[in-house]
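Notes follow the structure.
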Amino acid sequence: MENQSKPTVVLGVIGADVHAIGNQILEHALKEADVKPVNIGVMSNQQEFVSAAVETGADAIWVSSLYGHGEMDCRGLRDKCKEAGIGDILLYVGGNLVIGKQSWDDVKDLFLDMGYDRAYPPGTQPETAIDHLKEDLNEYNLEGEINAASPAY
Amino acid sequence: MENQSKPTVVLGVIGADVHAIGNQILEHALKEADVKPVNIGVMSNQQEFVSAAVETGADAIWVSSLYGHGEMDCRGLRDKCKEAGIGDILLYVGGNLVIGKQSWDDVKDLFLDMGYDRAYPPGTQPETAIDHLKEDLNEYNLEGEINAASPAY
Amino acid sequence: MSNLKNKKIPEEEFFKEREEVLKAWPTGEDVDLDEAIQYQKDLPEHKKMSARLMQAEEEGETLIQPRAGVALPDELVELLSYLDEEGEADLLPVTIDSYTRQNQYKEAEQGIEESQEMGRSMLNGFPAVNHGLETCRKVIESLNLPVQVRHGTPDARLLAEITMAGGFSDYEGGGISYNIPYAKKVSLEDTIRDWQYVDRLIGYYQEQGVDINREPFGPLTGTLVPPAVSHVVAILEALLAAEQGVKYLTLGYGQNGNLVQDVAAIQTLRELADSYLTDEGYDDIKLTTVFHQWMGGFPQDESKAYAVISWGATAAALSGATKVIVKTPHEAMGIPTKEANASGLKATKQIVNMLKDQSLEQTAKLDREKDMIKKEVRAILDKVKELGEGDWAKGTVRAFEAGVIDIPFAPSKFNKGKILPARDNIGAVRYLNTGNLPLPDDVKAFHEERLAERGEFEDREATFQMVIDDIYAIGKGMLIGRPRE
Amino acid sequence: MSNLKNKKIPEEEFFKEREEVLKAWPTGEDVDLDEAIQYQKDLPEHKKMSARLMQAEEEGETLIQPRAGVALPDELVELLSYLDEEGEADLLPVTIDSYTRQNQYKEAEQGIEESQEMGRSMLNGFPAVNHGLETCRKVIESLNLPVQVRHGTPDARLLAEITMAGGFSDYEGGGISYNIPYAKKVSLEDTIRDWQYVDRLIGYYQEQGVDINREPFGPLTGTLVPPAVSHVVAILEALLAAEQGVKYLTLGYGQNGNLVQDVAAIQTLRELADSYLTDEGYDDIKLTTVFHQWMGGFPQDESKAYAVISWGATAAALSGATKVIVKTPHEAMGIPTKEANASGLKATKQIVNMLKDQSLEQTAKLDREKDMIKKEVRAILDKVKELGEGDWAKGTVRAFEAGVIDIPFAPSKFNKGKILPARDNIGAVRYLNTGNLPLPDDVKAFHEERLAERGEFEDREATFQMVIDDIYAIGKGMLIGRPRE
């Protein structure tokens, strides 16, 4: 079955955030890159991300946050994954993650410390994250595990 | 003779500087303020300022420099005034006095150290300098001399 | 369909509902309507939005207004005073945080606490409901300009009660414009009904002699929205508000980037709204317009962001909009510092001042653009009325169900999501897919021709990739998303 | 009147004069014309200004170019590379320092020394004559774009010899435009004659197959210059250059701020120049245009400066100019940092990109504006030819003597200085005093009416105070200098 071999990504916009356009483009870009998107859309809570990942046996969860509340909304997702038995799943996060102009290095560290594998600043092209996904999945397949906070870029 | 009582100001643009518009407006503003302008125009050298001041018995010399060479062009004018026997004359300078973005306080100190009584940043209204002139001349008349570097603003 | 209809809510029913509304959060109990009306009447003239807008309209000014809001009141006052004094803002906003917009007052409370602890705002706006009306009044009293509530709240009844009693003189939003782009699964019937309440409340203030301004949210999803689509929503919300007794209305439009289309949009918005309101018997409405600087993706580079801001200010001024909502050079980076916010305002002020006495001449191309917009709006609204059997509220719900109204890129499941916009060869927004919009054949043909022109120039078919290219284009320094080389 | 006439300098006479020119400063001796021609021929295509301009003209682009120059070559290369890479400049300048402009090579030498000692540029530009041609070539070879010499030199013969041999492919200036606004008491006969030499030199390169571009300096005194006044000078310098064999010409205009007038100015500049050149038998000239962003006083505030820059970029793009000369957000503070220079460029790039496919429609008001400019230019140039008894060079000198050509606010004593410009009620520049300009009565009446309209609106007479208010207006955030309140 051809579909079996495709990586699967659960994507959505977390919290009370309604930014819909980037989400739709990301879904399109994943399809184009032969990745299966499971799009849970805007205004999704952590439980919805985790449930969708469990149901679809996803390889990764991609969390978007565009409205500045990312710091509050994203905390604890890794723990929820562990509780659901998918503690090793790849977690990526991207967008306007915090309020005000902060150094991106600080913001990235903040999210890596929360247990995300990768964090992306605003303006990142979908292709960048897709490339990382394929890289990380290969690494995963080869090594059986992945260094969760490897700063690969 | 009514004109005798009017203060007289020699004004001009120093060096190889051809900025003519501010010079013309300054002349107009002086007239309006009942000050007699002796306008030696653009591209005037230090000797031309001093000679005009001696010839007209001027109370002040107003040097403009808009093109960035002010630092090189303005040095030594106080000495030239002393040599010509008008060492006490008021010397004001204003414009884009130096090249590049430097702190105005530094630039001001530089020109006060050169012996100018007052220095003005770009964008100063003619009225500001005219008010200072009247203030300085009163002080001069009352005290017989003036504190050359008094930072009155 | 429930018993939703476009009919003024009877006073008794309104007051009965009001009791429930005020119970939703403890601060609701502090609102005393009679006292609030007196408070509004006692506001000095220069803090009244309607008065300031009318004056601008008369003098042909384009006023400038930022977006801004933080979690705590002292910081809010500091921020807004700065935007007034340093930024030269003409009108002030208070942007409400996203938890309050979802009526998540507990999360908002947590955001307030964390903001206090962290010493910086952890919320993307001001949680006015949690703070309550006394704190709102302190804010209003500390400022010297009219202040508007800007948010994105599907059920904004309690927020309206508290902020109107708190001295705000303008309220943004509407049952369509604060639902479809701002919610995922809230029914349109519910939000239209809840916004009838908001309009009824403001209509009640109006009956007592308090001129509060209402502003439907013009830009909707903010990216490549065809003017007719947002005009339809603006006019419907104007009709719904007028029925509830609102008299002061500011209708909005979000910049698309082609100057002729943007000017045509503001002119037709005014002309069409005026015509529909008059035809429906609301003949004492004071209409003004608001132009939103480009709401889509911005360049990361601040200098380029200034250019996008300036181009927005230019289109606003040349269109003759009553006010312009201003972006900041930090737009691409998220919520701006106060300095960046003031910078956007100052650049905008310089442009609107320099262009105050200039306008775009009525030309054949401007006329054609206006003509298209008007035909589209009339075709859609005719169908809405037909679907509603004469009732605009019912018609709106049915029109969304049928895709007769359809907003591109909207998150709501009550939106059909079949239409797809793309730029033509001069950057005007056209329909790549008209979905179920009931557009006349000649209008459809016009849009097709415009897109064919671009396709030929670029030697490619118009596909979703073209739409994506257009969405990213301004952020990458272009207006039209030409194929990558 | 000397024996000045608009006639190609005979080759023998030119080479005789050349010997003298090269002796004016030791670096002149290094110039070998044949070797220089070969050097120019060997330049890669992407460093040739004429080729890049022709390409832009064909593709309807508006190219962007900064002003920039510092005393020392390494710093110059660093600065210009930065403006290329970070600022996204399409074309590069080397701005020459003011001592070199006055042929004060000793002072320039001192400036070089002081710059080396102080570790910062003490000169407002690059003293190319002192550095000599080898250093110029190193600069050109270190850069990746075509580079133009921009200066303000009444006698620019030696500078032209050195920089053309040094690999620059464009030379700004002219016998009128680099005298009247740039000198106090240099005779017009001398500068026209000296620039005939420059044009003859470039014409000589042209004869040998090297396409060097020439650009008369359009904005003149840069503040409130009526379009017809600068057009007359541009066209005369084009005619004088063409006679000496120049084939590539970029004619310029400095923004005044009213969009319709600015667009009319660029369009008429092209149309008129084309017509005069053809009529005089120069039918193989490649014409391009340059639009200068506002050259007058700028706001101190950087955000507002960005707005002025963006408005200039907008007018440049909508006018269809081939290139735009860019200001910086530090304009009011003097010579900018390289970062500020790049910022102005990036803002401009964003605007010209977003507006690339948009244009202003030909309207009645645009036509009227164009019609007035053409009538004025033709009336003045008719009189110039008459005064010169058919000779444009003689006519120019006599026209300045008679005030038939008259540039407002110019420092030269050879300029009459009788005309006075002021803005009308939409910000277009009109004549408050037409001095001795031989304008037709209907044109005069038009300008009078426009100013009367403003006077009535402001309830004051048009006086010099109005002119001063206009001069300061943009710096104070407005276009029109309305009476202070």
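Quick notes
A, B, C and D label the chains in the order they appear, each numbered from 1.
Heads up, the rule we're going with is that contacts are C-beta pairs under 8 Å (C-beta built on N, C-alpha and C of every residue); 3 or more make two chains touch, one makes a residue touch a chain.
This one's a predicted model, so the numbers in the text were calculated from it and none came from an experiment.
Note on connectivity: the fewest steps through touching chains from subunit B to subunit C is 2.
Each chain gets a centre from the mean of its Cα atoms; for subunit B and subunit D, those two points are 31 Å apart.
Centroids built from CA atoms put subunit D at 45 Å from subunit C.
Centroids built from CA atoms put subunit D at 55 Å from subunit A. Shared interface positions of subunit B, i.e. residues touching 2 or more other chains, are not present. Counting partner chains per residue, subunit C shows two or more touched chains at no residue at all.
By the contact rule set out at the top, the touching chain pairs are A-C, B-D, C-D. Those residues of subunit A that touch subunit C in the complex are listed here as 15-18, 20-21, 24-25, 28, 41-43, 66-69, 71-72, 96-101, 122-123. Of all the residues in subunit C, the ones that touch subunit D in their complex are 257-260, 299, 301-304, 306-308, 310-311, 313-314, 342-351, 353-358, 361, 363-366, 425-427, 474, 477-480.
Those residues of subunit D that touch subunit B in the shared complex are 97-99, 101-102, 104, 107, 110-111, 114, 120-124, 152, 181-184, 221, 223, 296-297, 300, 330, 332-337, 340, 409-411, 464, 468, 471, 475.
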